Amino acid sequence: MAIPRVELERAIDAALAEDLALGDPTTDALIPPERQGRAIMIAREPGIASGVDVAAAVFQRVDPSLSTTPLVGDGQALEAGGLMLSVEGAFASILSAERTAVNFAQRMSGIATLAAQYVKAVEGTGAAIVDTRKTAPGLRVLDKHAVASGGGRNHRQALGDGVLIKDNHIAALRDEGLSIAEIVARARANAAHTIKIEVEVQTLEEARDAMDGKPDILLLDNMNPDEMRKVVDLVHGRALTEASGGITLANVAEVAASGVDLISIGALTHSPRALDISLDYSG
Amino acid sequence: MAIPRVELERAIDAALAEDLALGDPTTDALIPPERQGRAIMIAREPGIASGVDVAAAVFQRVDPSLSTTPLVGDGQALEAGGLMLSVEGAFASILSAERTAVNFAQRMSGIATLAAQYVKAVEGTGAAIVDTRKTAPGLRVLDKHAVASGGGRNHRQALGDGVLIKDNHIAALRDEGLSIAEIVARARANAAHTIKIEVEVQTLEEARDAMDGKPDILLLDNMNPDEMRKVVDLVHGRALTEASGGITLANVAEVAASGVDLISIGALTHSPRALDISLDYSG
Amino acid sequence: MAIPRVELERAIDAALAEDLALGDPTTDALIPPERQGRAIMIAREPGIASGVDVAAAVFQRVDPSLSTTPLVGDGQALEAGGLMLSVEGAFASILSAERTAVNFAQRMSGIATLAAQYVKAVEGTGAAIVDTRKTAPGLRVLDKHAVASGGGRNHRQALGDGVLIKDNHIAALRDEGLSIAEIVARARANAAHTIKIEVEVQTLEEARDAMDGKPDILLLDNMNPDEMRKVVDLVHGRALTEASGGITLANVAEVAASGVDLISIGALTHSPRALDISLDYSG
Amino acid sequence: MAIPRVELERAIDAALAEDLALGDPTTDALIPPERQGRAIMIAREPGIASGVDVAAAVFQRVDPSLSTTPLVGDGQALEAGGLMLSVEGAFASILSAERTAVNFAQRMSGIATLAAQYVKAVEGTGAAIVDTRKTAPGLRVLDKHAVASGGGRNHRQALGDGVLIKDNHIAALRDEGLSIAEIVARARANAAHTIKIEVEVQTLEEARDAMDGKPDILLLDNMNPDEMRKVVDLVHGRALTEASGGITLANVAEVAASGVDLISIGALTHSPRALDISLDYSG
Amino acid sequence: MAIPRVELERAIDAALAEDLALGDPTTDALIPPERQGRAIMIAREPGIASGVDVAAAVFQRVDPSLSTTPLVGDGQALEAGGLMLSVEGAFASILSAERTAVNFAQRMSGIATLAAQYVKAVEGTGAAIVDTRKTAPGLRVLDKHAVASGGGRNHRQALGDGVLIKDNHIAALRDEGLSIAEIVARARANAAHTIKIEVEVQTLEEARDAMDGKPDILLLDNMNPDEMRKVVDLVHGRALTEASGGITLANVAEVAASGVDLISIGALTHSPRALDISLDYSG
Amino acid sequence: MAIPRVELERAIDAALAEDLALGDPTTDALIPPERQGRAIMIAREPGIASGVDVAAAVFQRVDPSLSTTPLVGDGQALEAGGLMLSVEGAFASILSAERTAVNFAQRMSGIATLAAQYVKAVEGTGAAIVDTRKTAPGLRVLDKHAVASGGGRNHRQALGDGVLIKDNHIAALRDEGLSIAEIVARARANAAHTIKIEVEVQTLEEARDAMDGKPDILLLDNMNPDEMRKVVDLVHGRALTEASGGITLANVAEVAASGVDLISIGALTHSPRALDISLDYSG
């Protein structure tokens, strides 16, 4: 998704507030404000770029007179040594912004790189790799943008843009004697007509129960590929199917081969490895 | 570090704003507000707990009438299946808060668990494991609290609480003909007397140059253990030594054996794997 | 929808900031802080209550020691003279909060009352009355809660929780030679699988074109009931149909009779008449 | 009043945050970021323009590279079809900002149009139409600017810029045995010398009592024009007189003819009908 | 004025954010969270108390479980050694809040003490001591509350609660050929009826000119007491008179003797000396 | 320290919000928006400039189209009549921003002027004048920048950038039987290696005790110069020494002569006299 400017600035201001709350005494002590300079943001390992514009916005938030030039677009592949962003102007400003700018870019590019690996692993199947709401608190929009940079698709952005009936909803309502189909029906009766209804199931049995409620999407939680295949057969196109839980780069192709439409990967945003990125003085 | 309440609430409000901006139609549709219930936050794998109070604060921010009981303290070890937090009250509120509460706890416990692994790997040496400013933007205070939960020590919290002369400062000033010693001396002359001065060096040569400036801490960037040992010998207690760059669980013991005082690990906070934590309905 | 607490407090703080920025010199001059008192919020005309809890929260934000008792629930009918809320404690605090508390309740109850009139007018048909994003800026969540209090249903809360292809999207893409069906197909290819796709049409012709793209919802803009009926026949259950534009209390029943599923009314939130509500000293 | 920039940006950011929190998937899916376009904001019915600059500021907040050209000034009359604002640039940005920009303009122009009707109805009398604090929560400054656009005058902006002794103040103090004159005197003794003192009365009797306290302004609440005339005679220029309560476009001229100086109309801001405004793609 | 809670919390949060942004490592290192204790806020010199409730609110913001007991009311006289506030609970929390709590109390009590000196100096004359808008940025409401604690009266709180035509307004309009009377008349014609009109004059001549415009208040800027007396005679009760500029504790009695109604003292809030206040551990 | 832009804007927005919350009716009534003009900020007494860029930023925040030209740099000396800043553009905007801009500049220049007097008084000794955390709540960064403008040095910016063991920490731990040396040792064991440890002592005895703990800095609280000299002798360069408490312009030279390294002066920021600055219309 495109990052709305208001969200972008909120995230950047929060990050700068925590890093620059007490100023930058190192730079104050060493670099006179009139000293000009240039630096380049460089990937130290291969990956997929994301957050280049975010990093540029950090530099310009610290000092609007800095001039930034993106050298790669979000979603493009980077070699080790690949140039990402050039920034030029008061070198003291560049130094004060450096860590925050790189922190954004390394997390976002790390997410994009991981997403791209999953996307590649399922290439040729019909399955789409999608993200979850398991994002770093406060970084939802940026994390999801990064998934998209890596070729992943976005699932629900927030609790509010879809009905997803999860294990705890079902457990609480089963206590009252409802079947999954009845739970889905209650959701349909009460929720907005404009959003889809998804329901989590953990067995073929539950899938059968759920389908009687005519959900839009069936979330297959922690099933093995064989079970998934049976559910896909059962559903037979009457709903989208989404695999979730215990999926890794090692087994994702097998999961995709089961015929599910969507494969959601929490690790994309809750456990990404940062891409190794540095900012280098270039005169 | 203890988490200041103002910072805690800022982080929680930012996270809830992004997840609950459009409300929770699933829960609205299914769970009547008067329905009471209880849920338990459980670790699905072994690790070190952190963020338990943060998760509790999320539940109470969503609904102050919820009652929360921590079942483990930050810094304590968790078995797979270990109970972390019990929450009781309006079940709709518990469901609306669930994801955000777990998102905080799984990141923080993941960081604590990773930190504890590094700390254990250097046990018996004099070296302390310390964090960096490579934190998730907006989560600095929480990330650093989590490192401490794992037995790590905190390095600079922000640009403002220490002078750290890095590669880019040095590169810019070398262009003007200054030696590292002269750069350190300039920092000492201009910076507050109340904060320490640390300087980054990449070779034994540079370390020698730097020590003439009498820094408080020497940052050994990307050296191998042999080089580190030589620098430690050279420094001979006149400054603290800090190893940084390219350090993993596999080689950290060897690094510690070089005699450095501090080992800083960016990955603690830029690339932690989330601990597997779930919230389970318990009636 | 239930109002998330973080959103509620943001709206209340914004309102109190603008009314109490310079304090309350009238009350300061007249009412000593220790003076106790009680006041009742009363509807001066019949209607549907909404915002009672919001008003209570305003009083408690101004002074947490005030005690409030709701006397009617959101969604319940009020006679002229109907009691809504009792508040008791430091009377100076009650007076300082009065206007802001009533401002929320009178707008929200006005919206609920208007929504209920539309809902009543289509009773017995299958059509649901739904709101739009034409809300007072900054009051989206409260306006939509009020619609629900009146028995209306909520449409998209924000740009992000559904794809709605409107006239301007279509106009821009037609310039490039795309049919509506092709536009819908492009949306389906690019948007999340988890949200529904709605498209606006203005003629039977356009509806035919659009249906080739297999949208989830068809928005019939500014059609007369006859045209709507023809579209409903054409669609024949393959999509939801939503009527919009030029609909009033006078013609809404006729619109509903056309067989559309949803009738969206911008006026519910862009032009509601405030319910006449006052706060009366009661000793 | 001129709208202070800090207030303007606060209102716009709150509105954009609620509409764009989850981005704009429709536009993301359909309109490439490099696509340029132009749109015109047009009044669909006659009225008085207000909020044109606010709408322009919304577009520029979403995307500072958009270029906006106001085609009418706040306070100017609009015919049906009257052009209000042209905006040009990245068409995706225009679409994402559209609803929020129009929401501001349609409310503000609706208020201005209603205010102008009241102002016209009392033309030729000495009475001024004034607003109240019955504004949409969070929109005080914009609502009052819109009243001024329609030729109305502004009454108190907040609790803090004038002393206004209302029914509840009086009721509480009468319980302690004070006359209205004594209440006014207490206010004068305790309040700042720099703000005026206004007091509400509901009968000629009360007006007589109040005038002994030498208020600056007398608020005649819910009187009929005959009673008002008697109070005006009684006051005889020693205070301003303000009529309030139960005043409509149908009877406002008669109220004005009573000789009151000010006529305050809560409905200007608590129950305005939005002006019908649309944004049209123009290539 | 009473301090509105929303303003109070904003000011406290801003102060805590800047002091506790990086936590409190001293207290973390030394005082275990379970350690209980008590401390007393004590005046080290005589003065007038103000900000006692603000200080209490700071402690409770840092840790809601702290218990605070005010030992003196705002506006009461303090001897050297006078007890102001007792706070009890987690001693670590008390220490982390200490500096911020004292910072508020020492500034506010300093302002109150200075105000009381001016008030005492004019005792027996009819003149009131009033403050100005020359407050510390961000502390307007607290500074003005403190003036009131010292027996001073409040002038305009903000640009918005009164018309005050100052030298620069006059200079700009004189360039266009307007007399002061004409300027006052223009203000009366354009401004709200509900706020008073004050105009600044620097000579008897200007006062004569201004009075033709019938202002509510005449601001006598930088006149000596003789000139003031002449203006007071000229005005003869047709407006309030306010002396301003160059007034000190040494000459304020003489200024008051001139018969002016109000004496505004910028130094009350732009140059107060902090009262010497400390927080002492008491077991 | 250089003022981070995010902090600068936060402080300016808070100040403008409180002054312009209700707009500027005086200027609205008198000065048409198209009226152009110029004004000059002038020092009315000698001093040291500070806050010139802050004042310029205030003008541009109120109206980005204003053009500002600094006429003096922060830290430069001003004669009476010295020109500080020129601002040109819409004169209404200049008038609305005037008070807030001057409020910042007069406080900051007042602090700088006072700091310069202390710095001058100790010239030729080795002692540095440093500030404290006794700043106006919300203005920490600006107050400290102003101290630096006057040639003073900055001490801790916040609780987080150094360990400072104060009287209350010591009192609480002495209750548990710890010596000062043991307290210092506990701090060293628990606190980050990267920040210095300072401890407060009040007697030579305590200094002796403390030095056994090997602190980085010794704070000599309320000692007379003779006692200080003895402590300086005792310490003999093993720690920095800082004098604090009861220090005035009259005795600071004598304090400096004792050989202490640092002299901290709370009055720099808790009791500065504002520099007399005005903004004058210049056509």
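Each chain carries a letter (A, B, C, D, E and F) given by its place in the written order, and its residues are counted from 1.
In this text, a residue touches a chain if its C-beta (ideal position, glycine included) is under 8 Å from a C-beta of that chain, and two chains touch if they have at least 3 such contacts.
From a predicted model like this one, the values you see are computed outputs, not experimental measurements.
Listed by label, the chains that touch subunit C and also subunit F are A, B, D, E. Path length between subunit D and subunit F in the touching-chain graph (shortest route): 1. The distance from the centre of subunit A to the centre of subunit C, each centre being the mean of the chain's C-alpha atoms, comes to 31 Å.
One simple way to say how far apart two chains are is to compare their mean CA positions; for subunit A and subunit B this gives 21 Å.
Put simply, the C-alpha centre of subunit A and that of subunit F have 44 angstrom between them. Shown for subunit E are the residues that touch two or more other chains, namely 17-18, 20-25, 27-28, 96, 141, 154, 157-158, 160-161, 192, 195.
Taken as a contact graph, the chains are fully connected, with every chain touching every other chain.
By the touch rule above, subunit A contacts subunit C in their complex via residues 128, 130, 153-158, 160-162, 192-196, 198, 217, 240, 261-262. On the side of subunit E, the complex with subunit F involves touching residues 10-12, 14-15, 18-31, 35, 37, 39, 91, 94-96, 98-100, 102-104, 106-107, 110, 133-141, 158-161, 163-169, 171-173, 175, 183, 186-187, 189-192, 195, 266-267, 270-274, 279-281, 283.
Interface of subunit B with subunit C (complex): residues 13, 16-17, 20-25, 27-28, 33, 61-64, 92, 96. In the complex of the two chains, the subunit E residues touching subunit C come out as 1-7, 141, 154, 157-158, 160-161. Contact residues on subunit A toward subunit E in their complex (touch as defined above): 17-18, 21-22.
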